[in-house]
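What follows is a set of structures for review.
Note that chain A is present in both complexes that follow, paired respectively with chain B and with chain C.
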Partner chain A sequence: MNHQRRFENIALTCITLVAGIIWIFPLYWAFVTSIRSEDRVVSEAAGLLPDEFNISSYVDAMFNTSLIDWYINSIGTSLIITLVVLVTGMMCAYALSQMQFPGRRLLYGIVLASFMVPAQALVVPQFVLMNDLGLINKWGGIILPQLVVPVVIIVYKQFFDAVPKEMKEAVVLDGGGDYTLLFRVYLPLNWGITTALGIITFIMSWNAFLWPFLVITTEEMMTIPVGITQVNDAFGVAYARIMSVALLAAAPVVIAYLIFQKKVTEAVMISSGVKG
Partner chain B sequence: MAMIRNKARHRLVAVSLILPYVAIFALVFAYPVIEVVRMSFTNAPLIGGGEWIGLGNYIRLFSDKLFYTSVVNNGYFVLLTVIPTTVIALAIALAVNRLSGRMQALVLVMFFTPYVLPVSVVTQIWAWMLDFQFGILQPVIEFFTGKPVPVFKNPNWVMPTVATVTIWWTNGFNVLLFLAGLRNIPTELYEAAALDGATRRQLFWRITWPLLWPVTALVLTLQLILQLKIFDQIYLLSQGGPFNSSYVLLLMVYREAFQLNHGGYAAAISLVLFLLIVVISVLQFQILRIGGKGK
Partner chain C sequence: MSGVKLTNVKKSFGEVDVIKDVSLEVPKGEFGVFVGPSGCGKSTLLRMIAGLEETSGGRIEIGGRDVTDAEPARRGVAMVFQSYALYPHLTVAENMGFSLSLARAPRHEREEKVREAARILQLTDHLDKKPSALSGGQRQRVAIGRAIVREPEVFLFDEPLSNLDAELRVQMRLELTRLHRQIGATMIYVTHDQVEAMTLADDIFVLKGGHVMQSGRPLTLYDDPDNRFVAGFIGSPAMNFVNGTVTGTDSGGITVQAEEGSLRAALSGPKPGEGTRVILGIRPEHLAPVSEGGLPVTVEVAEELGGNSYVHARSASGADLVFERRGSRDSLEGQKLHIGADADRIMAFSPEGGRLR
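Entry: the complex of A and B
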């Protein structure tokens, strides 16, 4: 019995590991392709293992596409979106959690309801609005519609609700107002959740495709996910270069994920409500 | 008097705290919600005013063959993704949950990394792997079917292939939710049951499955909503083809609004998609809740 359990455990672990390797194989294969020469990529003799270390397609990707522009646009817009979403979200959540004002319940109801509305259903009027504001093909146009992330408010409110009241009293006795409370007490107490929400918001806006795709009209204004789709047209069938561009495009989020693994997994769990 | 002044001040501070979010929300969310409804009753082009045509767009929509094709394809895609991804994610989560320490972290990275990739990176990689001439998966396809298949140009293959790519891409998210759910189950339950001589199978069906049900219901609901909104992968891999066999509602919105310049008609389709998502997800949530109570 004990022997059998042990054998079963080892077998299960091996199966899991093999499944994981199969799951990650497409990324491995993209990497192997990216460091081969274009001739090697389509040759019959090329095997599964990396047999060449040729970075020419990376050099090509960096200097013969607008990749640098796309990086700048993606980093700039994603950072602004993350910052604004966090600051406006925590302020609104603090008021909802700690203050009394008319319409408080209504506002929270609207926040919860807006969570249900698929943003994709709003692209037509949002595009018209951005056109009226003169923001088509501008950073502002990319950013504005991505600033409404109700789940950030919902999560912050939960965490602010859980802060013990005694923490508040000390500051109030010292004559501190609500802004002091928010930025000196509630925010520092919740740095963990703030970084988690920040990372997930950043990844989401970095990866956003549909909206930037609609609102951008010229190549040098594109974000990474939209820009790299242009590479096929520019290179034709040139898979080593296409894979190099794809991996360069994915690198920042993958690296961010690998560094902040714990935070990312925590953020996903908390923002979907299975862990609080 | 001081009390009243304090109260007014308190309210003013509260307003200043909610104002930034509320202002942005009103401009880029609430106003578009109203506009999408209004536009759906007009014959407006994408940019520029139109005339009120009442239910014209809806009448046209319900006699548009492409609309029914899209609805059916949306349904087919949901069928191909929602339950399969839930089952696969649960299996992976159970497998990962057994492991510990570095081994667990490593395996989790393998399954979760695809989720953080931009969609176009995912489609580029899979388009290469499935390339008709040079794709590394074509020998595998050939093994099963006897010949290589141009998967994105074949009406029978296109949706299952896009579904597979989608599951590969988004499955890590579901794995995490299941893992969180599994960690919330007290280990004492398993220990007690094991002492009573319960088998693995019994442990799963008597403890894990019923206690995990709320998470399973959540995953099913989130996936249903997500997969009904399919656009990116289809646009990038097959553009709705071949012969409209992967045409879906959001692609129809895009074509009508941004290529054919039918703003009003596209707004009507958006609204129908929105209502469809709300009705189906509420319905599903109710069914799942009842399903959960039966246990």
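Entry: the complex of A and C
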């Protein structure tokens, strides 16, 4: 029995190790490519192991592209999106969970239904709308369509629904209203959820490509994922430079992930319905 | 001056009438207990007094003020919930001072009131702890402390001891009695446990199906119930009921043929005629083995409690009858004997449940 279990453990370890290598290889390859000179990248002599440490592509990316602008745009839009999505999502979920008004169920049905509409299906009408509002090539144009995140409303509602009714009644007897209830009781009770949803919303908006790619056409207004395409255009096929920008683009999210690893895992589990 | 007065209060949920025309009064400073089986409307009535349920009809007054349509926070009531409803993210002190912080009371006033409530409830050493670090009894005390800090005219308790174990429940019952004497506020307490009702109440209100079946001092309800329901609900073990037929009447009472035996019940009022069906009610402590007359029974089981025991016996028709014995050590199990009670200890009820006096 023990021998069999040991064999199973070794087999499982090997499988996960192989899967891990397959998963990490593109990242490893991007890093190895980014620290090679452009000539070396396309040379037949380039092997699997890092054979030089050349940071010229990083220097180029930092000083010969609009990387700093792209960083600012990405950080600015992602932070605003995260903040607004959390506040509006939370308030919407509170209303749907705790307040009695005509059409409440219908409204929740619409929220659920909108969850099922793919973002790609909306790009044309959204683009026309942003154009009519004069928001093309503006932060507003990037931000507005990304402010509706039904999963945030759904997750918050689930958690608000689970708060015991007596807690609400205790607040009412203590003289508190809906704002007291939401901001002084429900929100602090669900800080973990807010953090998790905040992280996942930030990562989603940081990584967003299709919409910012459509709504922004000037280089200085681009977000990082869109900016990567410009590195390609401006310098021809410069693999090392593309990889260095891609790694720099991913860096803040990777750092955030390493710091909040547990919370991110929790967020993914919550939003995929494993928990809650 | 009245503490809480309800006049013709009604509550309906759609077609269902949950509270049907209830009028009652808990005088200022008294401890009133609403007791009744599940679904009798006792918690709904309490929540209506708190303002957590709207009133479908009638009038609710607190301290002489009509509060029927007033907001819960403006009624001068504080409520202690069964689940405690403490805010888990706040410390004990913050929980207790929450209502004052909402009312923007000055910090020193808030701290002083919290400290005083903590002193009364022996929570001074726990003020900086979160509720999760406290035992069930301590959490319940924090919930009571939260109510005390508000200095309400009326304290409302919704089955506050149900989540505690038996030992702690007894201890908290005593603490509540002590607290009531100490602060002297009007208190209304909801429970389905008639022992809690008997031990805590100045006045008990027995509810059934949205009606108050009887109200009064605990011992009055115990000794002189108005109907079969109250007689059966108040008292543990419950009163024994025996169906029978009147076989004789005289100036002092009636003789009833029941369970292949005969019992006499003392009645001072009008007597039911011979052949009338009646229900006799006898408390376990009044029922005892008798040498002649009484009801023939077979003893099945005895619950030995040390000082006394409750003997469960079965009658000829299969009815379970319980009687109490004190200080006896001999087992009666399996024995056939006759049990009976003094005529003035036997109550008679009509088949509809009304008391025959």
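In this text, the second predicted complex is superposed on the first by the 272 of 276 C-alpha atoms of A that agree within 3 Å, B and C clash if a C-alpha of one lies under 4 Å from a C-alpha of the other, contacts with A are read in each partner's own complex, and residues count from 1 in each chain.
Convention: contacts are C-beta pairs under 8 Å (C-beta built on N, C-alpha and C of every residue); 3 or more make two chains touch, one makes a residue touch a chain.
Source: prediction; values computed, not measured.
After superposition onto chain A, the partners chain B and chain C occupy separate space and fit alongside each other. In the superposition on chain A, contact of A:Val123 is made with chain B only, not with chain C.
Contact with chain B, but none with chain C, is seen for A:Pro225 once the two complexes are overlaid on the shared chain. Taking chain A as the reference, the larger set of touched residues comes from B, when chain B and chain C are compared.
Once chain A of one complex is fitted onto chain A of the other, the partner contacts of A:Val185 are limited to chain C, with no touch recorded for chain B. By the touch criterion stated above, A:Tyr239 is placed in contact with chain B alone, chain C being left untouched. Looking at the shared chain after the overlay, A:Gly176 reaches chain C, while chain B stays out of its contact range. Using the contact criterion defined above for the overlaid structures, shared-chain residue A:Glu166 touches chain C, although it does not reach chain B.
With the two structures overlaid on their shared chain A, chain B and chain C come no closer than 5 Å at the level of C-alpha atoms. Put simply, chain A touches chain C in their complex at residues 164, 166-167, 169-170, 172-176, 180, 185, 188-189, 191. Within the complex, the chain C residues that touch chain A are 50-52, 72-73, 77-79, 81-83, 85, 87-89, 98-99, 102-103, 146, 150. Listing the residues of chain A that touch chain B in their complex gives 9, 12-13, 15-17, 19-21, 23-24, 26-27, 29-30, 33, 41-42, 84, 87-89, 91-92, 94-96, 99-102, 104, 107, 110, 114, 116-118, 120-129, 131, 144-145, 147-148, 153, 177-179, 182, 203, 206-207, 209-210, 214, 224-226, 228-229, 232, 239, 242-243, 245-247, 249-250, 253-254, 256-258, 261, 264-265, 268-269, 272-275. Remark: chain B residues 10-11, 13-15, 17-18, 20-22, 24-25, 27-29, 31-33, 35-36, 39, 46-47, 92, 95-96, 98-99, 103, 105-114, 116-121, 124-126, 128-129, 131, 133-134, 136, 168, 173, 176-177, 179-181, 184, 215, 218, 222, 225, 229, 231-232, 236, 250, 253-254, 257-258, 263, 266-267, 270-271, 273-274, 277-278, 281 touch chain A in the complex.
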